[in-house]
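See the structures that follow.
What follows is chain A paired twice: with chain B in the first complex and chain C in the second.
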Partner chain A sequence: MSRFLRTAVLVLAALLFAVPLVSSGVFGFSLPTTGWTLDPLLGAVQNSQFRDQLLASLTLALLTTLAALALLIPTLLHLHLRLPQALPVAEALSVLPMVVPAVALVNGANLTFRATVPGFLTSMYSLVPFYVVLTLPLVYRSLDAGFRAIDLRTLVQASTSLGAGPIRTLLRVVLPNLRAAMLTASLLSVTLVLGEYALATLLLHNTYPVFLAQTGQDSPHAAAALAVLTLLGTWLLLSAFSLAGRRPRTGATT
Partner chain B sequence: MTSTPVQLQEVVKQFSGRTVLESIDLNVHGGELLALLGPSGCGKTTALRIIAGFERADAGRVLIGGRDVSRVPASRRGVGIVFQAYSLFPHLSAEQNVAYGLAVRGLPRRERRKRAGELLELVGLAEHGAKFPHQLSGGQQQRVALARAFAVEPSVLLLDEPLSALDAFVRQQLREEIRRVQREVGTTTVLVTHDQEEALSMADRVAVMHQGRFAQIGTPSEIYRTPASSFVASFVGVVNRVPATINSNGRVGVLGAELTTSSAHRGEATALLRPEDLQIQPDPEGRALVTGTTLRGAITSIEVTWQDTPVRVDVPTGTATRFSAGDRVRITPAVDNVLVEKEAAA
Partner chain C sequence: MSSALHDVRATTAVVARRVPNLTALKHLALAPYVLLLIVFLVVPLLANVWTAVHDSEGNWSSSAFQKVLEPQYLSSFRDTALLSATTAILGGILGLVLAWALTGDQVPRRLRDALLSFSGAASQFAGVPLAFAFIAALGTQGLVTTTVHDATGWQITDTMRLQDFWGLTLVYLYFQTPLMAILVLPAIAGLRREWLESAQSLGAGRARYLWDITLPITAPAVAGAVLLLFANAFSAYATAYAISGGGANLVAVMIGFFISGNVLLDESFAAALVTGMVLVVALALLGRWLLLRRTTRWMR
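And now, the complex of A and B:
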C-alpha cells in the first residue's frame, strides 16, 4: 500500500470519527440565537436528577466491575490451573450474553423474579447481576488474555514451594501480574455500564443514560453537550487506566 | 548445613490410565546431589513433582528426613525448587523475589533485606538486587531463582531442568555455579535433566530412568564405565553396536579380538563399545576402512567401516592427522569386559 493511500485511509477514518463528535460539540455548546453558550449544559446539570442518576450509574459501574472481577478471576484461575480442557467451553459460554437481546433478558427476568421475589427488581441494585452478565464477554476475554500472558502454573508453584498458601499466592503473585488485564476489564465494564440504556429503562430504573435520553427529549442541545463530556470523561478514564497499568521500570527495595 | 535424606518407596503414578511411574524406589542421601536422567516421557519430572508435592502418588510413600510427607501440601514440605522456565515473579525486583519466602515466614523487613543481600552475593548478583526479572539475562534470572530457593533454607532442593533454556556457554558456567553453591550450603538436591553431560558433571550419583523405572543408579563413573543395560550405555554417551559371537566358554569375539563378558547369552549377539575404548592404527592390510573424520575439539572422531558395520573411534585431535578417508586401518577393543545385547546387529 502506498504512503499516500495509507495517509488517505487514516485521514478518512479520522474524519469519520471526528465529524460527528465535533458536530455534536458544536450543536451542544451553541444556540441559533445566542451562539456559543453553556446554558443548555448548565440547565441540565442543575437538574437534581442529573447528580442522582449519575451517582447511581457510577455506583452500578463500580459494583458491576467488582462483582465481575470477583466472579471471573477465581473461575479463570481454577480453569487455567485445574481444568484447562474446559477453557474452550467456558469461552463459548461467555459470549452467550451477546446473542441474547436485552429485551429477552428483561422479559425473562420479569417473568421469573416478579413471580418469585417481587421486591427484587424494584431495587436499583438488581441491575448489577444483569450488568455482570452483559459485561461477561468483554471482561472474560480481557482477564483470559491476562492469564494466558503469564506462566501461571509456574508462578503459583514457585510461590507454593516458598511456603505461601492459596490466598497469599492469589493476592501477592497472581493479582499483581494480572493488573493490566484487570484494568482493561474494569474499563470495559465501567464504560459499558455508564452507557447501558435498554435494561435500565425496561426495568424502570433511573440511571445516567436514562437521564441523557430524557434530557434529549426536552433539550437536545443539553443532551449533546453531556454526551460529548461523557465521551471525554471516558477518554480520560481510559488514559488513567492505561497509565496505571504500566509496569514499573525501575527497581524497588523489599 | 542441611543434610536431609529423601526416599521414594514403591511410588506409582498414572495419568489417564497410562503408567508413568512403575513402583519406583529411590534413596537420596543427605547432602548429595542426585540427578534423575532420562529421555522425555520417562517419568523423571513426575518423580520430582511428587517429591515437591505438586503431584500426588497413586501408591507408595515419599519420606523427607524420615517423615512421611505423602499427604503434606507442597507449601509445607520445606522443599525449594528451581524451574526450567524462568519462574521469577515479574512484578518484584530480584531482591524482593529472594525475600518473598522470608516474608511468608514472617521475618522482619530488615532481616529479609539482609538475608536477600547475602544470598544474592552468594550467587554473584549483589549489584543487581534492584533490577526486575525483565532487566536480567536468562542466566542471571536462574541465579536469582536459585538464591530464592535457598533463602527459605529448604531441607531439599529440586532442580527441574534449570539450565535447559540457556545457551551453551552460560549453561556451563551455571553448572559449576550451582554445584559450588550446593556444596557450600550442603542441601540435599535432586536434579532433573535429559542432558547426560549435565548429569555426569554435576551429580554425586545419577539415576537413569527409562519407561517409568530406574534402569541404573550409580556414580557418574559407574553409569558411564559399567552401564547395566544397553539402554543405559546408549543413552549415556556414544556406543558402537558391533556384531559379536559368544562361544560356549563365555568369551566374546568382536572386531577380530576375543574379550570377556558377563552376559549369560551364547551365540550371535551385538557388542556395545564406546568410541574411546577402541584403538586405531594405520595398517595397509587392515580390515577397516576410514570413511571420514569429524573434529570435536580436544578429540576427533574417525569414522570407519568394519565388515560393512559403521564404527566410530575417538582419538586425541593431535594424533588424528594420521588418518584420512580411504585409509586402511586396524581397530582393536581396549576393554576387558564388554557389554552385549542378545539381538544381533543388523
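And now, the complex of A and C:
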C-alpha cells in the first residue's frame, strides 16, 4: 500500500514537473505555420550578442569558482588544522549572505562603491567578488563537508613524517582527497553564476540571463527554446555532482 | 650565574610575549575570508542602513521609513509576505509528501534517482528560464492554455494569469517544493525503523506514532525549512520580474525598479525599502537558526 502510494506520488510529481519543460520545448521548437523547426533557436544563437554574453557568463563562472576555491581551501585547511575553535564562527559567517537578497546587495554596492571607487562597478569583473559572496553559503558548506569527511590531521602528519614539505602535502595528499568536494563546490558555483540575473542586470552587465530576458521580449519562441535548454543543462550539470559524490574516493591513500 | 639566570628570564619573557602573538597570527590567516565578507557584504549593508536613516543633507531622519509605511508601499510588503508565506506553506506540505515518497526503498529506483537529482536542480531553477518555461505552458498563447481552450473552450488566463497572485504562487512552487524535499530529506531519512517498531510493540497505532514520535522529532527541521522557503521567496527577484515584466507588486521588483532609475531616485527611500526587506529575511533566517540548533541535537 505504502509502496503504491509512494510510487504514485513520484509519478505524479514527475508529470507535473515535466509540464513547463515539455511546453517550453514544444513552444520553442515549433512554429504555428511550419511545424517542428530550429529556426527560432538558430535565429537567437546567430545573434552576435548571444556568443558575447554567454562567453561573459562562462568567464564569470570560471573566475568566481577559481576565486572561491583559492580563498576557501587555504582558509578551511588552516581552520581545520590550526584553529578548529574558530570553525563555528567561520561557518556562521558563511551563511550570512543569505540574509541579504541580491537586490539589496546591489543597492548597497551602489551606495558603497559609487561614492568611493566610481570606476569599480563599471567593470564586469567587479561581479566576481559579489558572486563569491552570493554563492558562499552553498560552496562553503560543500567544501567544509569534504574536509570533515577525511582525517586531515593524520594525513598531514603521515605525509610530513614521510618527508613531504607543506606544498607537496597540499598538492599530493590534501587536494586529491578533496576532489569530490571540490567538484561539487565548483559545479554549484558554476550553475549559480550562469543563472544569476538580478546583480548582472541591475549593475548593467550583459550576461547570458540578461540576453535570455531580452530575447523573451523580442522572440518568445526563441526564448522558450533557450529556456528549456538552459533548464535541462542546469539539471545535467548538477546531476554530474551527485555522480561525483557517489564515486568512491581515490587519491593519496597508497 | 646571576647574569645567566637573567638571560633565561629574559628569554622566557620574550617567548611568553610571543605566544599570544602566535595566536594572533593564527587568526590573521582568516583575514582574506573575513575581509571579503566585510567589503562586499557588511559595508554595503551598513551603507544601506546609514542612508536609510539620513536625509540627502546627511542629517538624521526617519522620513524614509515613514514613507515605507505609506499604504502604497506597505501593500507591496504585505503582498510579498503573503506570497512568501503561501508558497512556503504549500511548498512545505508538497515538499514533505515528495520527501516521504523519495525515502521509500521499494519504489522503482530509476524513478526515485531521477526525481532526486531533478529536485536538487529544480530547487535552484528560480530565474529567467523558469519564467519563460511557465509562459510557454500557461501564458496567453501557452501550450497548456491553447490545448485546454481547444478542448473545452475555457481560456485559463481569464481565470488565472501568471503575473497574478496564484500564477506567481504556482511558478514559485516549482522551486519551493523540491527545495523543501531536499531540506527535510535528511530528517525524514533519519527516522529509524526501530522507533516505529518500538512504538508498535508498545501498542501505538500509525496515527499515534506519527503524532507522538515523528512530529516532535521532525518538527524543528520542518519548521526551519519552511522559514528558509519563506526567506527564499521573499528575496526572489528574477522569476517575478521576468514573469510580470516588472509589474508585480513585490518588494524586490519595486527595489529593482528604483535601482534601474525608472523613477526619480530618492536614495534614502530605496535604502529604507532594502533595510525593511533585509529585516524580514533576517528574522525568518534567525528563527530557522534557532530551530536548527534543536534539530541537530536529535539527529546526531
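The working rule: the second predicted complex is superposed on the first by the 231 of 254 C-alpha atoms of A that agree within 3 Å, B and C clash if a C-alpha of one lies under 4 Å from a C-alpha of the other, contacts with A are read in each partner's own complex, and residues count from 1 in each chain.
Quick note on the criterion: a residue touches a chain if its C-beta (ideal position, glycine included) is under 8 Å from a C-beta of that chain, and two chains touch if they have at least 3 such contacts.
Source: prediction; values computed, not measured.
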If we overlay the two complexes on their shared chain A, which of chain B and chain C does A:L15 touch? Say first, second, both or neither. neither
In the overlay, answer first, second, both or neither for which of chain B and chain C A:G163 touches. first
Does chain C touch more residues of chain A than chain B does, or is it the other way round? C
Where does A:L171 make contact in the superposed view: on chain B (first), on chain C (second), on both, or on neither? neither
Now for A:L96: first (chain B), second (chain C), both, or neither, which partner does it touch? second
In the superposed arrangement, which partner chain does A:L31 touch: chain B (first), chain C (second), both, or neither? neither
First, second, both or neither for A:P220, with chain B first and chain C second: second
Common ground on chain A, meaning residues reached by chain C in one complex and by chain B in the other: none
Complex interface listing, chain A residues touching chain B: 150-151, 154-155, 157-165, 168, 172-173, 176-177, 179, 247-248, 250-254
Any idea which chain B residues touch chain A in the complex? 52-54, 73-77, 79-81, 83, 85-91, 93, 95-96, 99-101, 103-105, 109, 112-113, 116, 129-132, 134-135, 145, 148-149, 151-152
In their shared complex, chain A is touched by residues of chain C numbered 26-27, 29-30, 32-34, 36-37, 39-41, 43-45, 47-48, 51, 97-98, 100-102, 104, 106-108, 111-112, 114-118, 120-122, 124-125, 127-138, 141-144, 174, 231, 234-235, 237-238, 241-242, 245, 252, 255-256, 259-260, 267, 270-271, 274, 277-278, 281-282, 285
Chain C partner, complex, touching residues on chain A are 2-3, 5-7, 9-11, 13-14, 17, 19-24, 26-28, 71-72, 74-75, 78-79, 82-83, 86, 90, 93, 95-112, 129-130, 132-133, 136, 191-192, 195-198, 202, 209, 212-213, 216-217, 220, 223-224, 226-228, 230-231, 234-235, 237-239, 242
